[in-house]
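In this document, chain identifiers A, B, C, D, E and F correspond to the written order of the chains, with residue numbering beginning at 1 in each.
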Amino acid sequence: MRAAIIRTAHFNAAHQLYVKEWSQEKNFELFGKCANPNFHGHNYEIEVRLSGEVDPVTGMIINLKELKDIIKEEIEDRFDHKNLNLDCPEFKDLMTSVENIVYVIWKILREKLDDKFDLRVRLYETPRNFAEYPAD
Amino acid sequence: MRAAIIRTAHFNAAHQLYVKEWSQEKNFELFGKCANPNFHGHNYEIEVRLSGEVDPVTGMIINLKELKDIIKEEIEDRFDHKNLNLDCPEFKDLMTSVENIVYVIWKILREKLDDKFDLRVRLYETPRNFAEYPAD
Amino acid sequence: MRAAIIRTAHFNAAHQLYVKEWSQEKNFELFGKCANPNFHGHNYEIEVRLSGEVDPVTGMIINLKELKDIIKEEIEDRFDHKNLNLDCPEFKDLMTSVENIVYVIWKILREKLDDKFDLRVRLYETPRNFAEYPAD
Amino acid sequence: MRAAIIRTAHFNAAHQLYVKEWSQEKNFELFGKCANPNFHGHNYEIEVRLSGEVDPVTGMIINLKELKDIIKEEIEDRFDHKNLNLDCPEFKDLMTSVENIVYVIWKILREKLDDKFDLRVRLYETPRNFAEYPAD
Amino acid sequence: MRAAIIRTAHFNAAHQLYVKEWSQEKNFELFGKCANPNFHGHNYEIEVRLSGEVDPVTGMIINLKELKDIIKEEIEDRFDHKNLNLDCPEFKDLMTSVENIVYVIWKILREKLDDKFDLRVRLYETPRNFAEYPAD
Amino acid sequence: MRAAIIRTAHFNAAHQLYVKEWSQEKNFELFGKCANPNFHGHNYEIEVRLSGEVDPVTGMIINLKELKDIIKEEIEDRFDHKNLNLDCPEFKDLMTSVENIVYVIWKILREKLDDKFDLRVRLYETPRNFAEYPAD
């Protein structure tokens, strides 16, 4: 029996959308207020979705406490109360768009989770903008 | 790299469920209170989901400002503070069920968006009833 | 020991903001899209708040089932799937603004509830606009 | 035209995670506080998602009132204000994990709904933990 | 300058509404399904509201980390994943109604917090039922 | 007849909690991760609550469009996508704690609104931390 289990988490971070090779004018033209050189920020909300076989004895796909700990150590501790552009090497050469952040989170978790699980991540930048990886 | 980006929007509208060819009794029998000839209404909430390639420079599937503007001009301005049955030609010969409304929204947006994007729309009629098109 | 108990409910209704004595121009000038003569609508959410003495045996201010039934019979059955302007005599000569609707709900419930309770009502027209009566 | 319609519902129940064949130590080691022998509980929220053909006359995949009644009779009346471990024969030999509960709900609804509908169920144990069946 | 700061928390617990001195019939008559002798349960959500002077240097009424720790140690650790009726001496002779639980939480926090703060607590039993103490 | 009307708004901003006169150690000791010198950020949500007389003709305390425009021009345009510490002179010598930000918002709005209205503001820094001014 295959099912999916979803666990949520959150982190609060500063960021900006800015292509260094472009002029400030071009950055503002494309990214609007998101290009503010002094940064802005968000309460990011994450949904981590694992699908896999349900263990017939425990009734679980994965021990939720284990999943919660992995998310805390690998994602929340890494990104919470950080400036994604300045503090996080993951985004040294990568725009901190919600699409890229959700992909980075997926990649980090993918390496920590057994291959037997299918993994999907959703990331809310605001309650009105969010992204998913993979796209399905 | 393919991911999905979702943007929400909303509009407030009046409507009724009513098949003109049927008697009022039959309408009330099937649709209950939703057949009220004087209309009722909802705060409709929309989720527009685009999947596609993430641009390696901008980190974006589509410029969110562009997507937001399309949704505002094509959906919010068209349906907000309207009577879907009386004011909107899209529903002249089409029941204003949540299934049909979500399909109409999908069709309008599909024509305005590049074919390279996959498009899915979710529409909340209330926080307790909602529909998606396509069904996946 | 005095505490407060709050119960929520909801109804979906059509309405318009329109002063009959004014021209259509003046109505649109003041009320904007809310003056649409064909109506628009909302998912109204209600919070009914009673404060009073907690019964030392039952631990209750009022039996929640009783409160739920009063709200259903007096408010939900009266306003759900209605056109507030056309179907509801309460608003025959009263604008269906969120301020007036919350007051009408308060007045109806006030007559059905024992005087020993203090009563406050909050009404959400949308998640972004709401009103309270009395003002405290 | 195929679309999907989703209806939500809820029930409040007590449960515990406990494998009878294991020692209390092993249960606490694996399930943590969820193994409390005196039970704990949740406000479970359900999303029932049906996909199918939209009827060209009524605009509906299924009459929402009929779907609402099936969910009430088959799920809410069965599980609301119950102890899932003690009161519900469905879980006599099955862990009351969120994965198993969502599967049991799916199976009950699957038998009551026409085969022409695809059925998916999501179950929130808390706003932070939820499961889906099937996994897609 | 006086302001108010609010911090939320949550715990998941089982309980029942049952007056031991009454017959089972009378309990079911008054409390309905809430009297189930095998218990049911809820995801309780708490809002702790402190009002007081804002410190001119730190800009804070109270250090939020300190408040968060007090709520965790005194409320979450005490009530989370517990059976309020069986596991918690606070309710040995007190109905576990939402009114009484909010009062018990207020009393515990009141003793741990400096008298210079005004304290109000709101407790959600479900998103549809909640209580406040004091009543204001 | 006095009632209250509430309008919500939001802005996304970066900030830090940092007393310049203190060592970095002391700042981290008191403010924890909030003292990150590179900033973090939030989706701030605002509730602006006006109480006053309901106009007998329009049914309104204030024209909601007017209130919405004042909040947009005075608060959203000023703080959205900004670094509160670096971009906003209001916080040049004032900690950007949620208590101080809600007070600053109140003061700005108080000057723009007629004295006949009572004004209260609630500000969510996250869904789990929020503040109100005045304290009531």
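In the analysis below, contacts are C-beta pairs under 8 Å (C-beta built on N, C-alpha and C of every residue); 3 or more make two chains touch, one makes a residue touch a chain.
Here the structure is a predicted model, which means the values were calculated and not measured.
Taking the definition of touch as given, a chain qualifies here only if it contacts chain A and chain B alike; those chains are D. The minimum number of touch steps separating chain C from chain E is 1. A count of contacting C-beta pairs for C-F and for D-E identifies D-E as the more extensively joined pair. Once the centre of each chain is set as its mean CA position, chain E and chain F turn out to be 28 Å apart. Separation between the centroids of chain A and chain E, computed from CA atoms only, is 33 Å. Counting partner chains per residue, chain D shows two or more touched chains at residues 32, 127. Applying the touch criterion to all chain pairs gives A-B, A-D, A-F, B-C, B-D, C-E, C-F, D-E, E-F. Here chain F touches chain C in the complex through residues 1-8, 51-52, 54, 57-61, 63-65, 118, 136, going by the rule given at the top. The residues of chain C lying in touch with chain B in their complex are 10, 12-15, 32-34, 36, 38-43, 80-83, 86-87, 126-127. Touching chain D in their complex are the following residues of chain B: 17, 19, 30, 32, 94-100, 102-103, 127-136.
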